[in-house]
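Handing you this structure, nothing more for now.
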Amino acid sequence: MAIDFLYPQYEVVRNYDRCIACRACERQCANEVHFYDPEFQKMMADESKCVACHRCVSLCPTRALKIVKTDHTFKANANWTGKAISEVYRQAGTGGVLLSSMGNPEPYPIYWDKMLINASQVTNPSIDPLREPMETRTFLGKKPGKVERDRDGRLVPNLSPQLELNVPVMFSAMSYGSISYNAHASLARAACALGTYYNTGEGGLHQDFYQYGPHTIVQVASGRFGVHKEYLEAGAAIEIKMGQGAKPGIGGHLPGHKVGPDISRTRMIPEGTDAISPAPHHDIYSIEDLRQLVFSLKEATAYKKPVMVKIAAVHNVAAIASGVARSGADIICIDGYRGGTGAAPTRIRDNVGIPIELALAAVDQRLRDEGIRDQVSVVVGGSIRNSADLLKAIALGADACYIATAALLALGCHLCRSCQTGKCNWGIATQRPELVKRLNPEIGAQRLINLVTAWDHELKEMMGGMGINSIEALRGNRLMLRGIGLTQKELDILGIKHAGE
Amino acid sequence: MLQKEGQIRIPAGCAISGIFHRDGARENGARIIESIRTMHDRSNGLGGGFAGYGIYPEYADYYAFHVFYDTQAAKDACEQALERHFDIVDLSRIPTRRHPRITDEPMIWRYFATPLQTKLASSQLDEREFVSRFVIRINHTLEGAYIFSSGKNMGVFKANGFPEDVGEYYMLENYEAYSWTCHGRYPTNTPGWWGGAHPFALLDTSVVHNGEISSYDANRRFIEMFGYSCDLLTDTEVITYIVDYLGRKLGLTYPEIANVIAAPFWSTIEKQPPEERERLTYLRNAFASLLVTGPFSILVGFTGGLMALNDRLKLRSMVVGEKDDTVYIASEECAVRVIAPALDRIWTPRGGEPVIVRLNERGNP
Amino acid sequence: MKRIYVNEKWCLGCHLCEYYCAFANSGKSSMVKALKDHKIAPRIRIEERDGISFAVNCRHCTDPLCVKGCISGALTIVDGAVQIDSDKCVGCYTCILSCPYGALSTSNEGAIQKCELCMKNAFGQPLCVQGCPNKAIVYEER
Amino acid sequence: MNYVIIGNGTAAVGTIEGIRAVDREGPITVISEEPYHVYGRPLISYLLLGKTTEEKMLQYRPADFYEKNGVKTLLGRRALKVDPTAKAVHLEDGASVPYDRLCICTGSRPFVPPMEGLDAVEDKTSFMTLDDAKHLDAMLGEHNDKRVLIIGAGLIGLKCAEGIYQRVRELTVIDLAPRILPNVLTEAPASILQKHIESKGVRFLLGDSVQRFAPHTAHLQSGGAVDFDVLVVAVGVRPNTELAAGAGCEVERGILTDARSATTVPDIYAAGDCTVSHDIAADTDRILAILPNAYMQGETAGRCMAGDDAVFDKAIPMNASGFMGLHMITAGSYDGETYLEQDEAHYKLLVTRDNRLVGFIMIGDVDRAGIYTSLIRDRVPLDSIDFDLIREKPQLMAFSRAERAKKLGGIHG
């Protein structure tokens, strides 16, 4: 065997004073890190296999385990960092594209954390959400911009199809294939209970989940996997995926070993074959083609469902969004560069795209400048980490947010970013039955419900503090935000003042 | 240095009062001044104003522009613009009397005018849209000129000072109106600017407002899509534009406008009979961004009518009194009682529940 | 009555229930003290084979054969739960002979042992249920 | 409804609890010759062994058992006759107890065959009752110096042996049969058990019998002789059927009952060792003098007496016993195809017939034996489970997923 230049990234630290050798760690590690050595009568570990997913740590009944980053180091070099060097070694060893999962982890600015929220004092009362109604119900879809009346002068409900959300949070697209059956079941059940929506992603809709159709957004992406008439009709809305924040400009690839019987059936592809989503839609080479697809889908579903178009936040996102808004889409979804993925080339994930905060601010302002903000709803994702991010997004102009990474975290994901291996110890990003069963949707759904309910509570609390008792009065209300530590250019793009102004 | 209205958004507390004669009977400004004087403590001397409807019967078919000028140059420029677009049938300084507490006055002019037919035709606009665009453009672009009243047979009078002083300053005893509204202002940090005082008006819609709306920027950024420019950054201004947009441009009725800007809570909507539920849901959803939150009590004056409205939580006080055909509305009951001690009825409207009064058959033959 | 139910669909075969059981009934204050360097003799036991696994413990039958057949009166039903008085038990194993679930087992003390829903120990409610990471064991009314 | 029970053993307890499960009110009278609060008969060997005490034994049911169940006891009083026409039980002391429903739980008595010179033996006893145990205890004294001879290597004899083996100088068990536990075990497991018991110092004389007794010596058929200080006669038991027969109940070796524990005489039920049961494993009628059986028959009788519609139709022979640390569990019949696993300490025999498990013997490792018992009792078709797995060890894994969901998941239907 050739020399492996790499030292393991993590160390498994076991407190032998506490270890009772129950072997739960061993049984629960799909990476086969832990094993019992009968000779030493001790648990041992091969840390080179460890991905720091913390399954063992979480299950250890005596807290005997922790995973630490190795302090093994290269000679200090601000330019050739350990990471940079290791990546060269890995590529020199394999000759391959580096693959990663989940969102861009690099230390770029996080604008959410550079915006502060307002509160009422004296001139305007804050509102106590425990005493007064506090409304976060949201409708997504095109607004009519004019009224019509019947002969008796009564208003005619001339709204296009709308999505009604009890909370301004939806679960964004993750395909059955990239995540497990039980992860999908958890999302679907939670969406129903919360009165919001989850998104099939590009993997089609498993037969078992048609029952959740009224809370499902069905996605049509470049691979067109699992798309058929019943599928389109099953959902509450249809989303055309043009791009994804984690990997703008490229397609997707579900390796054949993940395409088991169920996935094969759901995606309508042969078992064991790679499912490759092309980088572009091969019937969309320009905006007028998108318009055709939007209306094709509307035709196919008798204009009963809103059509969403999801794009990645890239440099000229405002102009693209404007084009999308004029293409007949009812809802534009913008995915920031921190958005997650089941697998993406590392270089793309870490270097392509722009922050969602700036993209959102630019898109919202652009649509207003053009007077068409009301013709389309704006949903943003990638990455909304908490209710403050959510509130800031809405104040910047979003109608609602998409969450996916946060949802997976609620399901147990520890962001080890090894989805591409298919050995997710939490039963999320895997198709191996013995791992999939680790995610009991009863628990999963409840945790998602808890998370979103908690965010909704916090959102209401913060809204009440601002004296706002309905979410529509927060939307685009940028006066409620102030920047901190931002340049004038950044403030201008975000359309907010600096703290103290 | 302190920034003035329009450069910065200034929160304010206030007093409002209104008198409306359903039978069209007109009275001069004495009683409305008395009413607002009673609520002296709700103002702090940094703005007061009045709107009177039916005050210019002789020029009823003409737009009455009331304009503040900071400079002669601004006046010249504005008058040039007016002349280019309008046929001016009368122009004059608005009569005022010297008042010890009203100082730093700008030039205050009044023009009765009607759009030039050629200009109007070539603009392909409806007459009122033509006028409103003109007003917005002047206010937005012409430094030192500010058109603060632009309706027909109505006029706004406002200044920096306590409202009762402002009324005396403008000699309102000389004007007779079937509908008066007035406002005393309590801004928190302004040097006081005449244009920032209430009422705020566009065409014949005028708004006086007590409160501070928390939805301001959401409303502003939305309404500005439709040709409005919120130069003053005040709640009153944005509410005026919302009322103008929903009423004049989209054709919603005043009750419907109230259902948009003070939309009932979803929990209330859900309890309605199906048709009403659908109607309210529609209005709330279709015009979601025009929901106004935060405390307010407003009086919206318009030709032939007056609408009083509280925010849906009723975070500001407002009472309505009736005596025969006359309706009184004020922030405090004392401001009604002082001018109409014997009332047929007095009540407190609930949050979000509009009180709309109109001229009856006697007032509107 | 609340009982422990097992859903093998969610059993991961992690065996933690066995360890929590052994700890719960050890009388010790920490799991480490109770179980370090001990071979455990839990009252709930995992059966596993070919990727299938599930926990088995006393079903607390309404019509328990073990209680009926007990020669010493050591097994009784208390508030619906089958309990063992180890002081009375002589270790004849008639209950082992009788139980269709194989849910009673021998203990080091001579008496037999069985799940008593942690009613008699410091926890008061089944620790195996609390320790199950996947709700494969639940304690509920059905 | 007025209930009367004759007898105060496990069957009687079952009857009382059966009645009370249905009828909280009707008076119950228990008539028993033995003067004790109810106790578990099989405990007497454990009493001698020191694993229990008389006090604990008498807590087979709590002290307030009768009171709580509204039972009037006539203890130490003997029933002489049942008059089914007058519906009354006549006692030896002349009293008469009327009944609406009667349950006869008279159990059995030791069978002592006629043996020459037996009367001359002074220190002798049977091994059935608490009094027998106390008597034996008294005879053994406290000096571990007695030589004991037990006649009978059946369950009673061997449990007696276990009870006293640490307290004697010498212990001999003699049986006519060629192996120990002839009614319970086949030859091979009997020999494993025998070796174990012998290793504890017990001497067996099998295939032999006492020809005649001298006061301290048993002269054997084979010609030898055994000297002893104390003699225990544990040859067997005979059901007490006389009362039932006198009442007109049909009686063969024991009282005949149906699956509802009813005798052939209206309103008279019978349960326990005095009855004949239907052994479903061997599909024969026989006396199954075992405690769980007695309880279940009694409970069925009680429920039916109180008007419920209960049936007990799952009787099989079965035994769980330990002998000096070695455990044995057996059930059913040994007639059929056999599967055997055996090593030094363990022995496991499974017997199948017609797609059913009909019997088993486990010695040593008896873990989860009840799963096998349930296969016999429930007559589970073996092709509905994974027999290879169940043969390996008793486990629920052998059942279908759906069956497990019922067993463990509380999912019915």
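We just call them A, B, C and D in the order they show up, numbering each chain from 1.
Going forward, a contact is a pair of C-beta atoms (placed from the backbone, for glycine too) under 8 Å apart; a residue touches a chain by one contact, two chains touch by 3 or more.
It should be emphasised that the depicted structure is a prediction, and the values quoted were computed from it without experimental measurement.
Nearest to the overall CA centre, using the mean of each chain's CA atoms, is chain A.
Spacing of chain C relative to chain D, judged by their CA centroids, is 28 angstrom. Chain geometry summary: the mean Cα position of chain A and that of chain B are 47 Å apart.
Centres computed as Cα averages put chain A at a distance of 43 Å from chain C. Annotation: 78 Å between the Cα-based centres of chain B and chain C.
Across the assembly, chain C contributes no residue that touches 2 or more other chains.
Shared contact sites, meaning residues of chain A that touch two or more other chains, are absent.
For chain B, the set of residues touching two or more other chains is empty. Contact between chains, using the touch rule, shows up for A-B, A-C, C-D. Across the complex, chain C is touched by residues 10, 14, 40-43, 46, 51-52, 56-57, 59-62, 291-292, 295-296, 299, 318-322, 327, 329, 331, 366-371, 373-374, 377-378, 389, 394-397, 401, 404-405, 407-410 of chain D. Every residue of chain A that touches chain C in the complex is listed here, in rising order: 17-20, 22-24, 27-28, 58-59, 61-62, 433-434, 437-440, 442-443. Note for the complex: chain B touches chain A at residues 9, 11-13, 188, 211-212, 214-219, 221-222, 224-226, 250-252, 256, 263, 265-267, 278-279, 282-283, 285-289, 291-295, 312-313, 315. Chain C meets chain D in the complex at residues 3, 5-8, 47-49, 52, 54-56, 59, 65-66, 68-73, 87-88, 90-102, 104-106, 110, 142. Those residues of chain A that touch chain B in the shared complex are 120, 123-125, 127, 132-133, 135, 137, 139, 143-144, 146-147, 149, 154-155, 157-159, 162, 368, 371-374, 397, 466-470, 472-480.
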